[in-house]
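Input: a single structure, listed below in structure tokens.
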Amino acid sequence: MQGMEPTLNDALSRIDTLWVVVAGVLVFFMQAGFLLLEVGFSRMKNAGTVVAKVIANLSIAALCYWAVGFALAFGGTGWFAGTEGTFLGTIEQGAFPAMEFSTAAVPAKFFFQLAFCAVSLAIVWGTTLERIKFGAYLIYAVVFSSLIYPVISHWIFGGGWLQASFGMQDFAGSTVIHLIGATGALAALLLLGPRQGKFGKDGTPNVIPGHSMPLMGLGVVILFVGWFGFNAGSTLSVADGRFAEVAIVTVIGAAGGVLGAMAMSYSLTRTFDIGMTGNGVIAGLVGITAPSGYVEYWAAVPIGVVAGVLVVRSIIAIERLVDDPIGALSAHGVAGVWGTLACGLFTAPRLAEYNAIGEGGLFYTGSFEQLGVQALGVTAAFLSVFALSLAVFYLIKSTYGLRVGVDDERRGLDIVEHGMWGYPEQFMPVPGSEYHPPNTPGARAGALALPLTARAQEG
Amino acid sequence: MQGMEPTLNDALSRIDTLWVVVAGVLVFFMQAGFLLLEVGFSRMKNAGTVVAKVIANLSIAALCYWAVGFALAFGGTGWFAGTEGTFLGTIEQGAFPAMEFSTAAVPAKFFFQLAFCAVSLAIVWGTTLERIKFGAYLIYAVVFSSLIYPVISHWIFGGGWLQASFGMQDFAGSTVIHLIGATGALAALLLLGPRQGKFGKDGTPNVIPGHSMPLMGLGVVILFVGWFGFNAGSTLSVADGRFAEVAIVTVIGAAGGVLGAMAMSYSLTRTFDIGMTGNGVIAGLVGITAPSGYVEYWAAVPIGVVAGVLVVRSIIAIERLVDDPIGALSAHGVAGVWGTLACGLFTAPRLAEYNAIGEGGLFYTGSFEQLGVQALGVTAAFLSVFALSLAVFYLIKSTYGLRVGVDDERRGLDIVEHGMWGYPEQFMPVPGSEYHPPNTPGARAGALALPLTARAQEG
Amino acid sequence: MQGMEPTLNDALSRIDTLWVVVAGVLVFFMQAGFLLLEVGFSRMKNAGTVVAKVIANLSIAALCYWAVGFALAFGGTGWFAGTEGTFLGTIEQGAFPAMEFSTAAVPAKFFFQLAFCAVSLAIVWGTTLERIKFGAYLIYAVVFSSLIYPVISHWIFGGGWLQASFGMQDFAGSTVIHLIGATGALAALLLLGPRQGKFGKDGTPNVIPGHSMPLMGLGVVILFVGWFGFNAGSTLSVADGRFAEVAIVTVIGAAGGVLGAMAMSYSLTRTFDIGMTGNGVIAGLVGITAPSGYVEYWAAVPIGVVAGVLVVRSIIAIERLVDDPIGALSAHGVAGVWGTLACGLFTAPRLAEYNAIGEGGLFYTGSFEQLGVQALGVTAAFLSVFALSLAVFYLIKSTYGLRVGVDDERRGLDIVEHGMWGYPEQFMPVPGSEYHPPNTPGARAGALALPLTARAQEG
Amino acid sequence: MKKIEAIIRPERLQEVQDSLDELGVSGLTVTDVVGCGRQKGYTEQYRGTSANISLLPKIKVESVVPDGISEQAIEAIVSGAYTGEVGDGRVFVYGVEQAIRIRTGETGEDTVRHEMAEGWGH
Amino acid sequence: MKKIEAIIRPERLQEVQDSLDELGVSGLTVTDVVGCGRQKGYTEQYRGTSANISLLPKIKVESVVPDGISEQAIEAIVSGAYTGEVGDGRVFVYGVEQAIRIRTGETGEDTVRHEMAEGWGH
Amino acid sequence: MKKIEAIIRPERLQEVQDSLDELGVSGLTVTDVVGCGRQKGYTEQYRGTSANISLLPKIKVESVVPDGISEQAIEAIVSGAYTGEVGDGRVFVYGVEQAIRIRTGETGEDTVRHEMAEGWGH
């Protein structure tokens, strides 16, 4: 099927391509993690809608990112946005210069980047659970995956101004994926307001726990596993075994996040809060995402621990102000900022050089320069995404509406938006779901029937 | 441990082998997806049996396909069936000529094909939930994985008459895996009849919703992820980055399926039905399965959308006639037929040539030839599998019995066939599962106790 | 980014590195399997704690194994323990001689071995569900992953006395991972005692079924999938397609385990117990783990079947003596012993030679020598781990305490140790989770309202 | 007024509802309960251990009716709930001293007299 | 003593609890029930098929009170449960022949008289 | 006939069942309820926020017995349910005007008299 004999370079490229596709599959799998996280942190009456939401968002992201997103993000080195490659119309390596360092085939790179876009979009919705109108998801998803995410990610990943002119470091997206997502989430939240009953008449917050920590926990473990594709896959290459090192840095960061969060949770509330433990994993992972390709193993420990401590303090503080059911502002936003800044502190000069982006961090160089660049990048990304998202959500709010009606919120999004509960047997009489005991005496008991009959006759 | 120095060809072969094994693992993982799909669409009293069923089927398929199935499917180019390689007794590439185009090691190819057989078998049971006898699974599984699936798949995948003489195109199995599975499902359903209470006295269908849309949704996302192994793995090779392109076609097809199904569901019922959204993903994926290696990106959009529209219309139509709890006839059967025919419309001549099977589709060539071949293939596969399956299920019905008794169906398969519910605490008093509030006043409340005690004293 | 042009050897090494990382990711994913298994086999009131436990253990294992564990396990060929490579301070292949046969990069090997350590630790806790204090997990995890697991695994995997001087065969860890874990589990169990209410006043056991067979089943399938990384990844290499063959042996062994367990369960209790089916998979997999790289396909059948039969008999026998909620002693302990001994029976001489460890088994050579070696290894590992673990748990018990108080056990670990239930809506009034029916007559019913209103007026 | 309280098999609820509907009984309240009587529970086997289940699921139907139709209401319930097998359940009748409709504040027998329903579709 | 039994909307429970608390009612027992009356259920559409849901979730609140405060207790409940929409529910009153406090063995009206609570935080 | 209604701790159900069994009480019906009385609920901390749980899980046991054994039945329940801690619950007694066994159509006290059970194993 092929004209020419493959060469050693073909073999090397195939290996990179294979890794990038496999990593992309792992990142796609993170959708299951977000689904479970949101399901677990919702009440039973709002658990089903998450399923439809995740699937619909992923689908919209796929089509929009294919049509224009990828071109805007990677199709050339314009300072603001790319232009080449709408509908993946070309697979020349040269058309996507920011990823040319990797020999992986362009379709593999597209596949991987699409999965990233879908992750960032999934993060947006964590703050909006249990009250947003379903259509709002759909509208924002189109704008986010065609425009907001591609343009901002171009600045930092795709050779735009922050990367090319300033050397901003963000290996796998603490800012590009997580902070962007969390910023959209903040804009949505501010326009949505809290769930009914979240705050008492005196403004103190009430506890509205999610309905299933087991599903939440499964989601967290899936995200953890997917993150190996996320961070280690961001090498886009298997050269020098760097991707394995990135994977190790990732585990250590996550572990630090967990221990930081558990220690903080215990010291504040005398219990190891389960949700906080889960948030600790996420925060550790988000925190280590930007530095994962830039730091030595040891640095992952403080980066993770600080992320874990921050996420707990931040959730408790935010809980008194706004209603973020899943802790997305803290786990993706605060930890995303921290992770990006951490490059400015911990980046090893040898790895900055290896990646050919930016400089070593403060602790190596004594210079605040890289830290300043990181702060600039965070600020630029935050402000841009916030302004754009606020505008979009404001438009949605003033036309289609952002929030379901008071009564509909009480009834739950599942029945109101989807015509059926996510757990029907918990809410309605399902035919045949009433319990039927066995009818014939002794039928099942077999050898056991005898002594028991005897017992019953005595009793 | 090896005599000779490895060559470049060894390296290339190892890369292919690695991909095929990884893809095979992804396809095995789809068993978790089917498990969750069936669990989610069952009532609570029938949720546990699915677990035992999936595990038992997978085990039977493994042994039977290893013993004879693989040999029948791929062991030579006989028009009807292969013969070489029972018990994987040879690992010569030449013994399995239909897969010789790939340099992957034979055991990897076996591993991958076994996973496919298990998927097809899993599809069979979607129509039979909540009333079939457990033993019926076991008996049919033996026949299916030793005989039915291997022979029919040989015709289309293994170099048999439909592939070799007609050039039927089915890249990853819209017909071979999905239609075959759904046809077995139809045969079983016709002999089983509907669940008690599905149809009212006047014949109108009643709603029997499954008990957990979250688990269903997780299953769908897992299937989606597994499908990357399924379609992109069917290249059996990483040459030319084709496998990455197939993965992209797959995502686009699935996205089309979702949007088609949601639009249709909304236009018919004014809600975004959650189950229909899930069925939309599956239908999109099933529809794009046959064309995934034959079509350009753009073609995946109409193929997916049509699959999504069809699945909703088909489920609603079928719902009035027979009782298919999971929508398998529509999602795997109707969409499988559509996907196979779609090759006859959309196959790009350059890709037909690349794969060296068949011709370009109607929209390129203006000729109905390939479409005719596809229709022939669908018909041949459907009729053969239907006749064989009906015979097997009829035999089971007239000897062992196909359906549990009326009372047992009411009690639920979990307790009747497995001696314990899948969710015991929902059905019986489990020791220690009654709720125990804390006993010692103030013990847990800590600093909070004071104001609250005060409040209680006022109240 | 690299000085020299990569060579063919670089390419080969990259392929191995890629496989080892991917396999490592699969093994990490097994944590989700253990999480679900333990959640499924717990009562609802104790389901949440499992999440916090799994995450905390994984984190501790990551840090300890990175700091010292890996060095003890693989850092040199000392008879008792290794020394090189604390904090992964070197990535020279020569520093880890027992894995030098593979050309995969050292960080990939570390990543893989870390995942193994975390699996072994996860196995420990199966016996301790629903009554252990949370802090006990944390303390033991530190000792286990820094000391117990690394030293014993060094003996068998890392070039220590059992491997180097005796040629003990344990391809992927029936002893090293599973028996070690189960032995820790036994030590914990003996000091913990049974759950309240497990044994009646007359000493007969009561049924305390876990709350969710669907989640248990999902866990089992995830473990199954992860096991492909576990066993086939233990090649640490893709040379000769051996890893694909190991994967096939693994499937066949698991299938044998399932059929053995189901047959035994049916013959003893006339039902296909769901949990036993799950235990059958695990036992088949554990049994085939040691032999997976040493035996021919056919041998996987008897090895699996015997493991499946053993696990059922063993669970029923153990049930009368101690309280092992998940069956860990049987599935990991008994099956682990069986799997290790099975090498002494079934190892093919050609594969012993290929791996350059030990001899062929009894059925090939007629000699009991290898069997003797295997028995020695099992005994040494069991006794060492048991003594160490008993000491650690005894110390925990006499200082911090091993078990929660009587009332706390009744209330459940979720609320007592974590301040909130895993399923809050099942235990407390969650604001807004009471059910709200629609309020406005006819609002939702649309076209349907008319006939129904009519009906209501008649009734 | 009388309160009629019936303990019935879960699967007979629909029939009982239907016969009360026909009679024009104005309202009823349904509770999930478990109980034992002549029917004594059963034994399950699980992992080789046996579990005795001593309380069986039942449904409690309560309806407060005017004195005048209490006999008919009892008959309607009995006819709807009857299967003839052990475990069919019981009907108990109690006196009611007062009844109030919260929405209107009405009291007495009027509150439990049959009226046209407000219409399906709420 | 009287037993006051109220069938109310689930979302009014907190208000009913609060008004009984103010009155100093000593205890109450709450049960999840479903019921129908004037409010007749509704119809859901699912996958093109419609489902009729004929029983709606309600809450039953029971409290045994001394004869003296039964009128006030009824008023308290009615005021807490009232929304004015169909489906607000009913209050029924029954005579109680005897009451025993298990912990102390006390009998009679004393067992249901208002007392200082033992304190929050149990 | 009397109806004896006991609100007890969930963990005492088995004991109450056992003492009624010994007495030969013919049947009983059990409902999951929540309640408050002297025992006032408690507070949980979650993510830094505190939740007040004001109703505690209890079990309601109802049994209709012939007048003759009602005193003994009450004693049996009290002895089974007693722990001495706040929250043990109450027993209330009501008059029953009529009882019908659905399966046979029998009425009156006979329907609630002790009989040999039909046998375990249904």
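When the chains are written out, they are named A, B, C, D, E and F in that same order, and each has its own residue count from 1.
Rule of thumb we're sticking to: a residue touches a chain if its C-beta (ideal position, glycine included) is under 8 Å from a C-beta of that chain, and two chains touch if they have at least 3 such contacts.
Only a predicted model underlies this, so the values are computations on that prediction, with no experimental measurement involved.
**Student:** Treat touching chains as neighbours: how many steps, at the fewest, connect chain C to chain F?
**Tutor:** Minimum number of steps from chain C to chain F: 1.
**Student:** Give the chain pair, either B-D or B-F, that is connected by more C-beta contacts.
**Tutor:** B-F
**Student:** How big is the rotation relating chain D to chain F when the fit is done on Cα atoms? Please round to the nearest 5 degrees.
**Tutor:** Best-fit rotation on C-alpha atoms: 120 degrees.
**Student:** Matching C-F on over half of contact pairs, by residue number: which of B-D, A-F or B-E?
**Tutor:** Interface equivalent to C-F: B-D.
**Student:** For chain B versus chain C, what separation do you get between their C-alpha means, in angstrom?
**Tutor:** 28
**Student:** Mind checking the centre-to-centre distance between chain A and chain E? Centres are C-alpha means, answer in whole Å.
**Tutor:** Taking the average C-alpha coordinate of chain A and of chain E, the gap between them is 45 Å.
**Student:** Roughly how far is chain A from chain D, going centre to centre by Cα mean, in whole Å?
**Tutor:** Roughly 51 Å, centre to centre.
**Student:** Of all residues in chain A, which are in touch with two or more distinct other chains?
**Tutor:** Touching at least two other chains: 8, 11, 15, 18, 22, 206-207, 209, 212, 269-271, 273, 275, 410, 419-420, 435-439, 444-446, 449, 452, 456, 459.
**Student:** Give the residues of chain F touching no fewer than two other chains, as numbers and ranges.
**Tutor:** 11, 31-32, 34, 40, 42-46, 50-53, 55-56, 85, 94-95, 117-122
**Student:** Touch graph of the chains shown: is it line, ring, star, complete or other?
**Tutor:** complete
**Student:** Enumerate the contact residues on chain B facing chain F in the complex.
**Tutor:** So the residues of chain B in touch with chain F come to 434-439, 444-446, 448-449, 452, 456.
**Student:** In the complex of these two chains, what residues of chain B are touching chain A?
**Tutor:** 8, 11-12, 15, 18-19, 22, 26, 43-45, 101, 195-197, 206-214, 216-218, 220-222, 224-225, 228-229, 232, 238-241, 243-245, 247-248, 251-252, 254-256, 258-259, 262, 269-275, 277-278, 280-281, 297-298, 301, 354-356, 407, 410-412, 427, 446
**Student:** Over in the complex, which chain D residues touch chain A? Could you list them?
**Tutor:** It comes out as residues 10-11, 13, 40, 42-45, 50, 52-53, 56-57, 59, 85.
**Student:** Which residues of chain B touch chain C once you look at their complex with the stated criterion?
**Tutor:** Touch residues, chain B against chain C: 1-2, 6-8, 10-11, 14-15, 17-18, 20-22, 24-25, 28-29, 31-32, 35-36, 39, 47-52, 54-56, 58-60, 62-63, 66, 87-88, 91, 105-108, 110-111, 114, 134, 212, 215, 270, 414, 417-425, 430-433, 435-439.
**Student:** Using the touch definition from the top, list the residues of chain B that touch chain D in their complex.
**Tutor:** 410, 415, 419-420, 428-429
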